[in-house]
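Pasting the structures here.
First chain A sits with chain B, and in the next complex the same chain sits with chain C.
Then we have the complex of A and B:
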């Protein structure tokens, strides 16, 4: 009986292992070939080198792109998180007609093809006579970041004990004071998590930036330009590896914070209730 | 005096009513969400309306002629080049969503039913590759499938083939493999969520009443997880139909998709109305296809019970 019950789980765990290998295999090749001496990525490996990494800081176009990405990422994540906080708070705290429809609209960019989102924004911006720049890229990134920000924040806000805020108001705190001294500390990890998630998305996003930028390149656009030249591939692999590590670190921190936020609102709510 | 006495009570009442209104849940909730809602209206709904409007117009060099016409839709639906691209895009997105969901279901099941204490670790492990740049993941597949690529050199090293195969890269299969890999996490998460909601006592009940593991899975767990399968299908099918990067990097001539044609209309070809009509047509047809798939899944779900 016990053996029979173990079998499906056993087969499934083999499958799970293979699946994770399938998920990680392509990603693993970037760092491997980025430290290989050969200019074309193929086996067998020819030797270890950090030359491709050393060349990176000597490329002015790359440094410009990195700076642009940083500006866009910071602005987009701040804006998206502020808009995300308002919406997530409204969705988790209040009941009103049209709530689901509004939520659906805000989450819609998640299920729309990015090309469609990008060209429709492009059309409107050209119609409005806005010249394409990093600013238009930020506007686009905010739109696609909000659904992710909402997801992270609602999981942080849900289970939030309303009686804590009521107690604070009863004890004479103003609405803003309550928000700053009671609400904010409890949801701070979720907010930071949302900032990191949005920054990561903006840092890696290509399509919207590609359509909505003027002459300024972000990192993915820079990479896209380099992909045309086979000789530039090792440099791209090195840059890609650095981006990979950055995304991985940011997401790990974001996940730890998100979990802490979820635990905090639930545990403390339970404790005081 | 009489006027004041008559006027006062209603005035007080409206003020009280206004205060009550301002403090009511709907007003506070709507007020709080309005900036985000407006942002989505101005930067998503309005742009889509502008695209729909453009699809009925025509362009002469740089000026837009705003007379209503269906000519763009005629071109989008009947010109062989666009018709073929549209069919291929639909075929690719249908195949990708099918593979993604089939491959994702066992993983979601494994994590939900056998994940034990490590559920969230598993989920994290699976979503991490998804958080790395999409562009880089597509590029990695190019590195793997290329003429001088990893797979070819590995197969040659093992003596399976004598010279590099050109069949791996630059075709629709390469696009399908890459997209199936890229969208894996999007399929796993919704299926996992719906499997988590499956009442375990129902599965036990089925087993107690004599259903074998397979039978109880087919009659209880699978139908109950259908909502997750449906959202997985939707969340993969609709965005992949408009994928631009993958066909451009690994698709070659035979793997070009509709998004590449749409981009061309807004770039080199400079025919915005045609690009708009192609976008609207693609969205309408993929929505129909997604709707049909949902209906099929629902029917199967009902039959299983």
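Then we have the complex of A and C:
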């Protein structure tokens, strides 16, 4: 009885295996075909090459798109994180009417259909008379990044013993000094984690970028454009693989930092000693 | 009083300055209709070890936080060292606090924690380092300066919190339930150490606690609080032996309550008749308000002594043991006395065999009439 509970046998493990295969098999094809010598992605593989990767830096349009993505990603993650810090601090620190409702509204873009958000933002931007550019893409990305940055930062601020800030004031430090010497170092891992998560989301976001960008393509839009030409496919696969690896690394670092922040803030105080 | 040979008896260990350090005048703190603190007035003297004692929600922590500057009175005033504290934020008050959770900065090591408040003072020529070393020595943490908070035990964290506050040389050190997170043995050891430390540095200590033994063991004076009001302010001995009312008496340990009829009331004393203890003359409590002809007397369980065999005493009551509870060094006997509504509790040390008295045995108890105290309600 007990062993059966610990090691789910039979159909359940088959199901679990198929589940994981279904999730990750398509993703595995990407790096495999990106080092295949044939220009069309099909089995059997014809040979190993790094040629498609070597071609990447020789494509000016791709470099432009990468540069655009970098600008958008950095700006959006910085903005979303700053706004997230303020919101997370307010949600975790103060008690006021409507606190839960506000929290819910901030988190809502997480579940709104992205295409609806994109169209609505496009309408608003046009009404405001803004011309479409990387700036409008940044605004769109900030909107969808804030729920993520809020989640990461809230877990950084939560459990942060309020008496730490009081102790700092008690020892003569000003409000700003307390923020600089206690609050910021305590939540620094969460802040970095939030920056990384937001950057990753912005980096591979397609729908909003597609609607809100003018003539400047970001990486996902560049990739989408390349799909029309069969001969460009191996390059797209190589680029996709690189994006995949970058996202994976960034998210892993972000998660490690988030956990470290949570541990640091919660391991505090005699009660946990 | 004539000079007596032998042990000199004194209620307090030393002379204190009579200079007030903290003056709390008519302080009320309301949250809507709820009054966390209701018209409290209190003077704490310079160099005193003062405890605010009461159950949770009695307003003791609220009062401490208002002295520290983390909360403000709705009405009334607080002065520290003769200086009114109104409008002065926590970071500019001459007080430092030891928090219940210790609030050790987890991203700093022990030395950096202790030096935290000194950094702003920008001390010259190694003065900061010297003061940190001195503070760590005061709390026996020399050599642990480079440790991180996560590498310390609960007792050590507490010492860091103490050192971090003492290094600022405050006029008043505030302690918010500092021992509640420690286990019993360590707690008792820290009680002794805290008392010793306070006498060494001579700073006014204000301790908040819900543990009556802690307050009795460490304080020069205690304020007992209930429901936002201060019920009694006195020395530990006075509080324990002469509680002003039933609530205070109950909070500070076991108490046998005895109904009495007032025979005579004059000046500072009362003469009462009781069923079990006969006619007694007792001191009249300050807040005594005569409520018909009745009065409430109380006697602590350890002030009743078992009379063995043929031993007699000037004052004794007779009864029968109905329950016996063994506690190691003492035994707790419940004794029924004819005429008394409730049986008496008696604690007796076990050196004469109180732990072997069978339930049902007739027994005589000796008492000192002075140990029977009248209470305001």
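Here, the second predicted complex is superposed on the first by the 251 of 273 C-alpha atoms of A that agree within 3 Å, B and C clash if a C-alpha of one lies under 4 Å from a C-alpha of the other, contacts with A are read in each partner's own complex, and residues count from 1 in each chain.
Going forward, a contact is a pair of C-beta atoms (placed from the backbone, for glycine too) under 8 Å apart; a residue touches a chain by one contact, two chains touch by 3 or more.
Everything numeric in this text was worked out from a predicted model, so none of it was measured.
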| item | value |
| --- | --- |
| Joint occupancy of chain A by chain B and chain C, clash or fit | fit |
| Which of chain B and chain C A:198 touches, first, second, both or neither | neither |
| Touched partner set for A:137, first chain B, second chain C, both or neither | neither |
| Which partner reaches more residues of chain A (counting touched residues only), chain B or chain C | B |
| Superposition-derived angle with apex at the Cα centre of chain A and sides reaching chain B and chain C, degrees in steps of 10 | 90 |
| Which of chain B and chain C A:182 touches, first, second, both or neither | second |
| Chain B versus chain C as contact partner of A:255, first or second or both or neither | first |
| Which superposed partner A:72 touches (first chain B, second chain C, both, neither) | neither |
| Touched partner set for A:174, first chain B, second chain C, both or neither | second |
| Minimal inter-chain CA distance - chain C and chain B, angstrom | 9 |
| Residues of chain A contacting chain B in one complex and chain C in the other | none |
| Contact set on chain B toward chain A in their complex | 25-30, 32-33, 35-37, 39-41, 43-48, 50-51, 54, 103, 106-107, 109-111, 113-114, 120, 122, 124-129, 131-137, 139-141, 143-144, 146, 148-150, 152-154, 157, 181, 184, 213, 234-235, 238-245, 249, 259, 262-263, 266, 272, 275-276, 279, 282-283 |
| Chain A contact footprint on chain C (complex, rising order) | 68-70, 89-92, 95-97, 99-107, 116-117, 120-121, 149-150, 152-154, 157-158, 164-165, 168, 181-182 |
| Residues of chain A touching chain C in the complex | 161, 163-164, 166-174, 177, 181-182, 185-186, 264-265, 267-271, 273 |
| Residue ranges of chain A in contact with chain B within the complex | 8-9, 12-13, 15-16, 19-20, 22-27, 29-30, 33, 40-44, 83-84, 86-87, 89-91, 93-99, 102, 105-106, 108-117, 119-124, 127, 139-140, 142-143, 146, 200, 203-204, 206-207, 211, 220, 223-224, 227, 236, 240, 243-244, 247-248, 251, 255, 259 |
